[in-house]
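Structures incoming, each one as structure tokens.
Common to both upcoming complexes is chain A, partnered first by chain B, then by chain C.
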Partner chain A sequence: MLRKNAVAYLFLLPACVSILFVDFVPMIYGVRLSFYVKNIFRPDYQPFVGLQQYRQLIEDPLFIRSFLQGWYWTIGSVIGSFVVGMVAAIVMNQRLPARGLIRGIILIPWVVPSALAAMMFALLLTSVGLVNTVLTNLGVIHDWHPWLSDPRTAMPALILTNTWKGFPFFAVMLLAGMQAIPVELYEASRIDGATAWQTFWYVTLPSLRSTIMISTLLSTIWTFSSIDLIYIMTSGGPFYATFTLAMFAYVTAFGTGQMGYAAAASVVVALILMIFTAIYLYAYLRHSDA
Partner chain B sequence: MIDMIETRAPIETPIHPIISRRSPGRIVRRTVIRFCTVYLPTILLILFVITPFLWMLLGSFKTNIELMSSQGQTLWIKEPTLDNYVRLFHDYPFARFFLNSTIVATGTTMIAVSFSAFAGYSLSRFSFPGRTVIGVAFLVTQMLPGVAILIALYIQFRDFGLLNNYAGLIIGYNAFSIPFCTWMLRGFFDSIPRELEEAALIDGCNRVTSFFSVALPLTLPGLLATGIFAFILAWHEFVFAVTMINDTKMFTLTVGIASMKSINIIDWGLLNAGVVVTTIPLVILFAFVQRYLIQGLTAGAVKG
Partner chain C sequence: MSPERLSRRRFLGGLAAGSGLLLAVPLLNACGGGATAPTAAPTASGQAAAPTAAPTGTAGGSPTAAPTATAATVTPVATGRPTGQTVKLTNVENDSRPLDNKAYENVYKAFREKHPNIEIEFQILPWEQAEAKERTMAEAGTLPDMGRANFAASLVKLDAMVPLDDLATSDYLARYPKSWIDDLYFEGPDKQRHLYAVAWFAGDKAILINKTFFDEAGLTRPASWTTDEFVEAAKKLTIPNKRWGVTIDAAGIGDPWQNFWLCVRAFGGGFVKGRASDSKSPEPVTINSPEFIKGATWWRDLYKNGYAVPSAPTDTYKERDANFMSGKAAMMWQGPWSLIDQRETLKKQGWELAALPLPKGPAGNPQSSGLAGLAGIFSTARKRGVVQEAWQWVSFLCSDEGQKIYSGTNGMLPASQALWKDPQFANDPIYSGYLEGFQNGDRDYPIWAVGVQSVFDQKGVPMMQGLLLNQLTPEQMAQQLQDEVIRFLENNGIKVPRG
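The block that comes next holds the complex of A and B.
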């Protein structure tokens, strides 16, 4: 049996060995690390403490706050990107002049690294940036507002940036899904006299169910664990207003050097994402027609 | 057969009593609706995407005095200057950053695509014990939070001397590239009809040679799309690089740009110029490459 499948296993070998060593082993090492107090500034003191650091996490107010803000960040970004992405997909699906060019332009944020998008929007949101200039000239606000320094507006500003960066992903996924919808469905709805909105709501959206499910799931997972944007734009501030759970783990590890505690936090992040995935898929399959 | 065709009734098209199909009023109304639902969103989207770049471009030619003026910014540049760009290239080793990013991204892409081509083919074509488990394992690794892996990898890299060098970055980047590329390439291999390889097998190839002579050439667009994807992912990466690299000479482009923003002194003009220099070439390159990317992505996504 091994001989027969030798080629199959051989082909898999390089990739499997790689992900074993750079994905699974570090993950297991991280779990093991969470049971020890390990501070890189104190290499001599590394006692085994079992689940104590997990108990510390639950009682840590910053952890609770990061957890809630992490979801604020994630849900805001995913909804924003999804809505703009849906509009973009519809636009890209239309027969327009210079269609290829329009598609290319709309997808530009996807090719810009998060770090650069973060820099760009950090500059746009400054006191003399685009946002303040436009809003004061339009009379919406009287004086410039420190978007990234005000704890109330910092997170929405970050969500706006992430929407700009993230909507092309949804646009491409939804466009692919839309193009797979059989034309007959649209013809039938037109014969039945449906308006454009009705067609969208009763034909397009239901057909996109699985695409929507997979894209929002992936986006949620990636956004929840992402720190590129937040790290560059606000570093978690002002006064921890933009501190997400992923930021908590990273800053605890590389800011204060508490590797064990941070490992515990990142294990919690992984567990949260796993539970979320399970609930999400369950809800999706439960309401599936097939 | 013939009488079935004959007796099929024509579809009745209702005629509105007041507005006939060709009347000018209806055409105007249709155009207005079309404008609101199609053209307007298109224009707004394009503005949403492009405006940040244009603002950067504009600002990069302004002096710092003008940029920080309390009167606010205007579309007209009062004192155009190239000074920001001069200082940019003088103070920051962009060529070095660019080189580092290129080396790391190329290395990652070559390894990721080749490893994933073999793995994706295996998962697509062969059935063997453990196939489902391994397939799920590849999927699950994509969902692992980067932070969790990052902490452990930092400690291990530090012990193995993989900090501050290309090898460490390439190895680390493959952690997320290989699962993703395998998933993509598996989709592409799935879309190739098996009959072609079976014909090759009948003609005397074994599994391995049929892979190289039949499957691989047919998946070339897929390999290209996957390679471009992997390259872009590695190029964009920031967190891993900023954690593992402390030596300024080894900074990748994203880290180099981020390093321009310090907490205390912010040189607006310099930052504007820096962002322009790093994003505009990417955007232009993308304009040429995007058609292949979309084709590759939508083909894989629909089938998968």
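The block that comes next holds the complex of A and C.
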């Protein structure tokens, strides 16, 4: 018995060590760095400043703006991906001819590299891109519109791109959840004369609650801290209209070389996500108990 | 507790012991100082043209000055290695145009004939991420051995570059215009200025035009023109919703700021009072000035009046080039980076390419840096003990022979004054605007304002976007930018006197 258990722990050891050095050590170093001024243009000057950089962050109007825009970006993307993913999951769950092919096609956005997706959508959304061409030909708009250069439409355009990229994740998770729902529940609802919408609302959705909770939580965390689409399509512009907190940290670190200040911003991002996760889980568990 | 089960305490103890052992392995390896192996060079993917102007804003020399140096000779240096032992090096480059790759190939072929024992793998770090990546690699000690050194200012601070004082002779340096030589020196970790880079291609800015569109609009190509005449031309060349007079890039690093700054300087704006090249020690910053405001207003009004492509706020140099090459715009600010390629591409569409000098404002038509492509040796070569071999390559690339092959292939202007008289450049009218421009060259900012380019790229460019979108006035931009620059300099220990 001892050997059996010991072997199990030994198998866990490499993963634990890897997590320790890949996750926790850099995290601890990042937190430590946030208490020092570290500017790459001044490597011989790295004083300990305590919480000064955190105070600077709170007083930085760009930080506040990035925080709010980060949530705009995240909530828009997650809701968009969830809704489209749910529709896709419902489609994939039907007994359709060529179901396998449909499932494969739906997964394509997920496997396309983010950089490629960003470049693709950037081209589609240029002044003479396909989007403008189609909309002007349909008479929806009269003049070409610079979707990514207009502060009003830049973020929605990014959210649209991220929705396209992210919906297959929800589709796969929700499909897996749907397939675990007992068939008897659907039979019972059919016997009771429920409409399709009523079946969805009262049978499918409640059964998918834990799947929805996990997938939206993961998607929120990933989206809030992602910068790839934003970096390639708008670089946070025009004039900071698509500047999120994650972009703020990245540009501060690698654009202006202020590593300590960027580390403080990154710590704040991590804290925000931890608080969000805690509140989210608390609300979910409380609702479960009720 | 059952004696047969492993307790949590024992497990955690075992974990700690195992972690300690695993930690010891890389520590021992680091103490051993293992040489960094050359990394495999990804093949160039034909990415769009990148701005290659030097961020140091160096002064241009006279293109007509007689070369004072004899042809540079590279002193063969004994390496202490057994003759015939192959040395493998890695070279980094930030541009990856097809013709640039071809140019490197041709130079490398000639180099290998002279140095068959040196093999080089070529890496490309795309321009947009190059500075950030190279800084990160410098911190990690994983830079290549040598290569493009346009970010020398920040890498030298990290002690990531090798001084070339003992390697480059005075004859070698005398091939460049005198005013450029100062910009090859940077303050090292010992607070002394050392030579850290040499140059192999030059370039400033001109206005590239689609001559066919000019002819169709009934415009003549002037030998020189004013900012008002430029605006008139842009207006005549604009066909609403079909074509715009000019394409502006207001996103990305390097070119956007440099092109904007040229407009500001044409109206008399500047970093300090007087020429930035002449400013050797901290003095009051004069970004916030009526001249800056006039220049910024002129630039903004090109967009506001509908003469510039509407996507300017998020157009990088790639979109700018694409706008011009596709006929969406008739003019753009551009260096001599891919003239051969651009000329051929326009020709395929039945259009003709030409270059005009920068428009003259009240302060003339000041030029940007003529010094563009810098090459240097990184600390990796020092760690690996291959500095001499790296210098063999760098010095050959930047020699007259290497420059002639490189520029002869891709059409860029060489950095050696002697080569400016070569018929390929002297007799081709498209280069005349660039060669003349070297006379008006000045640094974008003084030599003591180390690293301030990052403020222009990261803060100045978003402000340019705000200007175009009417979310910022020129007055606000002037004030905010000056504040950002002063804050940056003082955070870096450079005390700036108040004017």
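Annotations for the structure displayed:
Rule of thumb we're sticking to: the second predicted complex is superposed on the first by the 282 of 290 C-alpha atoms of A that agree within 3 Å, B and C clash if a C-alpha of one lies under 4 Å from a C-alpha of the other, contacts with A are read in each partner's own complex, and residues count from 1 in each chain.
Everything below uses one rule, namely that contacts are C-beta pairs under 8 Å (C-beta built on N, C-alpha and C of every residue); 3 or more make two chains touch, one makes a residue touch a chain.
If you're wondering where the values come from, they're calculated on a predicted model, not measured in any experiment.
Per the definitions stated earlier, placing chain B and chain C onto a shared chain A by superposition produces a clash between them. Using the contact criterion defined above for the overlaid structures, shared-chain residue A:N5 touches chain B and also reaches chain C. Of the two partner chains placed by the overlay, neither chain B nor chain C lies in contact with A:M178.
Touch criterion met: A:P26 reaches chain B, while chain C stays clear of it.
Contacts of A:A246 after superposition: chain B is touched, whereas chain C is not reached.
By the touch criterion defined above, A:L107 lies against chain B but remains apart from chain C after alignment on the C-alpha atoms of chain A. Once the two complexes are laid over each other on the shared chain, residue contacts for A:V128 go to chain B and to chain C alike.
In the superposed three-chain model, the partner touching more residues of chain A is B, compared with the other of chain B and chain C.
Within the superposed three-chain model, A:F41 lies in touch with chain C and out of touch with chain B [touch as defined at top]. By the document's definition of touching, neither partner reaches A:A194: not chain B, not chain C.
Contacts of A:I75 after superposition: neither chain B nor chain C is touched. Note on the superposed arrangement: chain B collides with the chain C stretch 39-47, while the other options among 39-47, 75-83 or 201-209 stay free of clashes.
When both complexes are aligned on chain A by C-alpha atoms, chain A residues 1, 5, 9, 13, 16, 126, 128, 144, 254 touch chain B in the first and chain C in the second.
Contact residues on chain A toward chain B in their complex (touch as defined above): 1, 5, 7-9, 11-16, 18-19, 22-27, 29-30, 33, 84, 87-88, 90-91, 94, 96, 100, 102-109, 111-116, 118-124, 126, 128-130, 132-133, 136-137, 144, 164, 172-173, 175-177, 179-180, 191, 196, 221, 224-228, 231-232, 246, 249-250, 253-254, 259, 262-263, 266-267, 269-270, 273-274, 277.
On the chain B side of its complex with chain A, the touching residues are 11, 37-38, 41-42, 45-46, 48-53, 55-56, 59, 67-69, 72-73, 111, 114-116, 118-119, 121-123, 126, 128-129, 134, 137-138, 141, 143-156, 171-172, 174-175, 178-179, 182, 207-208, 211, 232, 235-239, 242-243, 253-255, 257-258, 260-261, 268, 271-272, 274-275, 278-279, 282-283, 285-287, 290-291, 294, 297-298, 301-302.
Residues 1-2, 5-6, 9, 13, 16-17, 20-21, 37, 39-43, 45, 126-128, 143-144, 146, 148-151, 154, 233-240, 251, 254-258 of chain A touch chain C in their complex. Only residues 2-6, 11, 14-15, 18-19, 22-23, 131-132, 135-136, 139, 154, 157-159, 241, 250-252, 309-316, 319, 328, 450-451, 454-455, 457-459, 462-463, 465-466, 468-469, 471-472, 488, 491-493 of chain C touch chain A when the two sit together in their complex.
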